[in-house]
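Here it is: the structure, laid out below.
By letter and in written order, the chains are A, B and C; residue numbering begins at 1 in each of them.
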Amino acid sequence: MTLLTVEDLTIEFPRAGRSGDTTRPVRGVTLTVEPGQTLGVVGETGSGKTLTGLAVLGLLPPAARPRGSIRLDGLELLGAPPSRLRAVRGSAIAMVFQNPATAFDPVRPLRTQFERVIRRHRGGSRAQAGARAAKLLAEVELHDTDRVLGSYPHQLSGGMLQRAMIALALSCEPRLIIADESTSALDVTVAQQVRRLLLRLQHAHGFGVLFITHNLGEARDLCDRVAVLYAGEVVETGPVEEVFTAPAHPYTKALLAAVPTVDDDGAPLASLPGEVPADVLAVTGCVFANRCPQTADLCRSTPPEARTLPGDRRALCHFADPEVAA
Amino acid sequence: MRRFLFRRAAAAAAVLLGTTVVTFVLARVVPSDPALAYLGPKARPEQIAEIHHQLGLDRSLPVQYVNYLGGLVRGDWGISIGTKQPVTSEIFGRLPATLELLAAAMTVALVLGIALGVIAAVRRQRLADHVIRMLAIGGVSMPAFWLGLLLQVTVFGQLGLFALTGRNDPDLEFTDPIQEITGFHLVDALLTGNAAGFTDTLTHLVLPALTLAAYPIGVIARMTRASMIEVLAADHIRAARAYGLRERMTVGRIALRGALPPVVTVAGLTLAYSLTGAFFVEVVFNWPGLGQFAATALLNADYPAIMGVTVLGAAAYILVNLAVDIVQARLDPRVRLA
Amino acid sequence: MTLLSATTAPVDAVRTADTPAPTRLRRIVTAVLRDRLALVGVVLVGALLVLAVFGPWLAPFPDQGRGVADVAHRNLAPGTGGHLLGTDPLGRDVLSRIIIGARPALLTPLLTVALAVAVGVPLGLLAGYRGGRLDEAVMRIADMFLAFPPLLLAMVIAAMLGPSLTHAGIALAIAWWPWYTRLARGLAAGLRDRPFVDGARALGLSDTTVLARHLLPNAAAPIVVQASIDIGTVILASGSLAFLGLAAQAPTPDWGLMVSDGRSYVLSQWWLSALPGAAIFLAVLAFNLLGDALRDILDPRAVTR
């Protein structure tokens, strides 16, 4: 059975000041994560990818109004009672945050923080929790476990903290790990080490991963499948290799074209003209129409439907056409 | 941690020394002549000169300062012009009464203030929040002497609750006298199993303590609220929730712990502020403490007494600030690096 | 110094060269108007200022306000005999005394704070900007004053100078200036390494110009916030000094003095102490609300809402 199913997720926020006015940063998002697989959620800032991740755990800000369905192994999470959500958080689903330095409690040593989580979900004594924490740290290649556990967050480097956070995520044997831009704050080499680590752990433990990132190269490196988000909608999904070598949606094509390569020596950087529409809800037709190189009248009048393409792929475009990126 | 302690303590000692300089200068700047105060307006020149010599006023200023400092250290703080007793015995004899009042007030203030602040932060922008914020700003704006009088008129005058003035009922001396062991009547009554004395002291303590606590409650509640709001928005609180920790733990232990350092600072500052606030409460409630003594001394130009109280006040103030620094460092390890 | 200001962290209120319309002042006014509590503060402060300026014309019994007795009508309860707030043991109309008393109650604290700012801020800015030995010397002196509880220091100085309203004001100013020096010094020290300061100096501008034209505007916001909150505190302190008998003397209708005078009658003629005390409370409240509102507007980092 599919591990995580997000179906038609829409998140609405009342607009500050005026009543009756709303923004909808996430619209109709549908994606799935299979057990043991990694789904990359790719998009630029503001595309709604972080909100989607937070929605899975029910961690949206209090003003948010989510609709749709989010199911973990068939268990409905959206709108679930707080007790169910709290039981799931940190145990069945664990989150790895972007900035490990701020995600840990700054005034407590790491040991205390591991103890809190482990004892919350598994019970047991502090000694038992401490022993488990040490084992987990060793698994994420932090070997000086006593020193690390005794340290405060500000005493450790970003890379070490991120590994520690992954260890914390593993502590209660999660079935799904949500990684929200978890390598964005790290150096390039450290980021790669962390990705390798995550892969290795996934093979060893068999959890699924929802990997949120804006970095296409990273998504390709790490993910089995990818979902591309634009302005709150999923514009394309499919196996990562195929989507990246033969993108179907014009946005994906443009994204890939924009990535500079070694051969681009001296050439101006390719970029997309225009901007994401300021008021997405006011747009009739396709949200991408104002920037799309292939726009037709149909695009401006009618919003596209998700079209299924061969190879377990979908794209949100009237003219979805898998072809090699320019 | 020890190095931090040492550095701070050394700095505090230096500042204390500085305050003795200020106190000394203030005493010498006084427009009136202490000799005249002793002898009265009809004193003859030789008598005045004799007193000047006795008090060392005919020596140079630096020498006078050294003598003064020496006296402070030795415990010779002069004789009170008003009571003709040594200033030290007057001050230290009355100190426990004031300390007891301060302790009661600060305890109430911390418990109520923090509780109200947390509630206001958790129920932000709702009714409870607005009510608490109004109470807080009211408490902070209220003159202590006025509040004390109001409480006397309403709670005692109209409702007949608690006591009007004084630390204990004068009759208690005959029925269940409190044996002074520590000087703190609540403690002493407990230690000697004096139930009547305990209740009597408590009854007399309520109104003055509440009056004195009004300002600190306001400040502490506001600071707790502001600090909690900030901490609750922090990443590690979201992470704690993401890991399924119970709300009571997340708010009550993690968030509150992180929110406390500025609250501690501010609580220490309100304690320092209340050192002088106690003066007014003692005057209104006829509380036999340091404040009442000081208020009388101020009006009667009893300079040795005033100087003594000033030095003690400064020392207490410095000590409280030092204690605040230490507690802060204990709560937040990052402070120790500063 | 009040503990309300302990919730503030000095902010970098860097003014941009192109301030877009609406002007900063306009935005402040709009923000104040939107906030109900701030509005109450502004209205109260306005009313108090009106009383302070026009008191003698507004009081129903101005002579009694100043101290002329009318023993035939003494100790009247509020609402009787045409006296809205009653009369005191000398028959003087309490309402008039409170109204006339608004001027000393507000004027002295305003002047005190103005004096403390005028002396403390330039000194602090200079010390923070220059650093080095000047900085150390100034801060050592300030620290010596700051080591005392401010009200205590003011009480002692007022006692020494002799009881009078002017002496009380001077005493308060002496007790309060170091807080502004410390605040200004901290701000200046924080700003002196900023590029715009280097730029100003590279242009060859003198220290005074740099301080006055460049540092001061950027340090102004926290200082204004502190001062507006301090006015409330100093009103309270001034009333406290009067209560102890260290400030104005009879027959001046000083609110604090009136509270003290009424103490002996508090259980029967409660209005003698309660009403002037309420006046002090309202005045302090008004300025505290105003100061709070200013802080929320000028110092976005201090979260209180």
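One rule holds for everything that comes next: a contact is a pair of C-beta atoms (placed from the backbone, for glycine too) under 8 Å apart; a residue touches a chain by one contact, two chains touch by 3 or more.
Nothing here was measured: the structure is a model prediction, and the numbers come from that model.
Undergrad: Chain contact topology under the given definition, line, ring, star, complete or other?
TA: Per interface graph, the chains form a line.
Undergrad: In terms of C-beta pairs in contact, which two chains are most connected?
TA: B-C
Undergrad: Which integer distance in Å separates the CA centroid of chain B from that of chain C?
TA: 23
Undergrad: For chain A and chain B, what's the span in angstrom between their mean Cα positions?
TA: 54
Undergrad: Which whole number of Å gives the spacing of the CA centres of chain A and chain C?
TA: Chain A and chain C have C-alpha centres separated by 54 Å.
Undergrad: Going by the touch rule set out above, which residues of chain A reach two or more other chains?
TA: none
Undergrad: Which residues of chain A touch chain B in their complex?
TA: 57, 59, 85-91, 94-95, 97, 99, 102-108, 116-117, 120-121, 152, 154, 168
Undergrad: Spell out the part of chain C that touches chain B in their complex, as residue ranges.
TA: Against chain B, the touching part of chain C is residues 2-4, 6-7, 37, 140, 143-145, 147-149, 151-153, 155-157, 159-162, 232, 236, 239-240, 243-246, 256, 259-260, 263, 266-267, 270, 273-274, 277-278, 280-281, 284-285, 288-289, 292, 302-304.
Undergrad: Could you please specify the touching residues of chain B with respect to chain A in the complex?
TA: Within the complex, chain B contacts chain A at residues 234-236, 238-246, 249, 254, 257-258, 331-334.
Undergrad: Across the complex, what residues on chain B touch chain C?
TA: Its residues touching chain C are 15-16, 18-19, 21-22, 26, 29-31, 134, 137-138, 140-146, 149-150, 152-153, 157, 219, 222-223, 225-226, 229-230, 262, 265-266, 269-270, 272-273, 275-276, 279-280, 283-284, 295, 298-299, 301, 306, 309-310, 313-314, 317-318.
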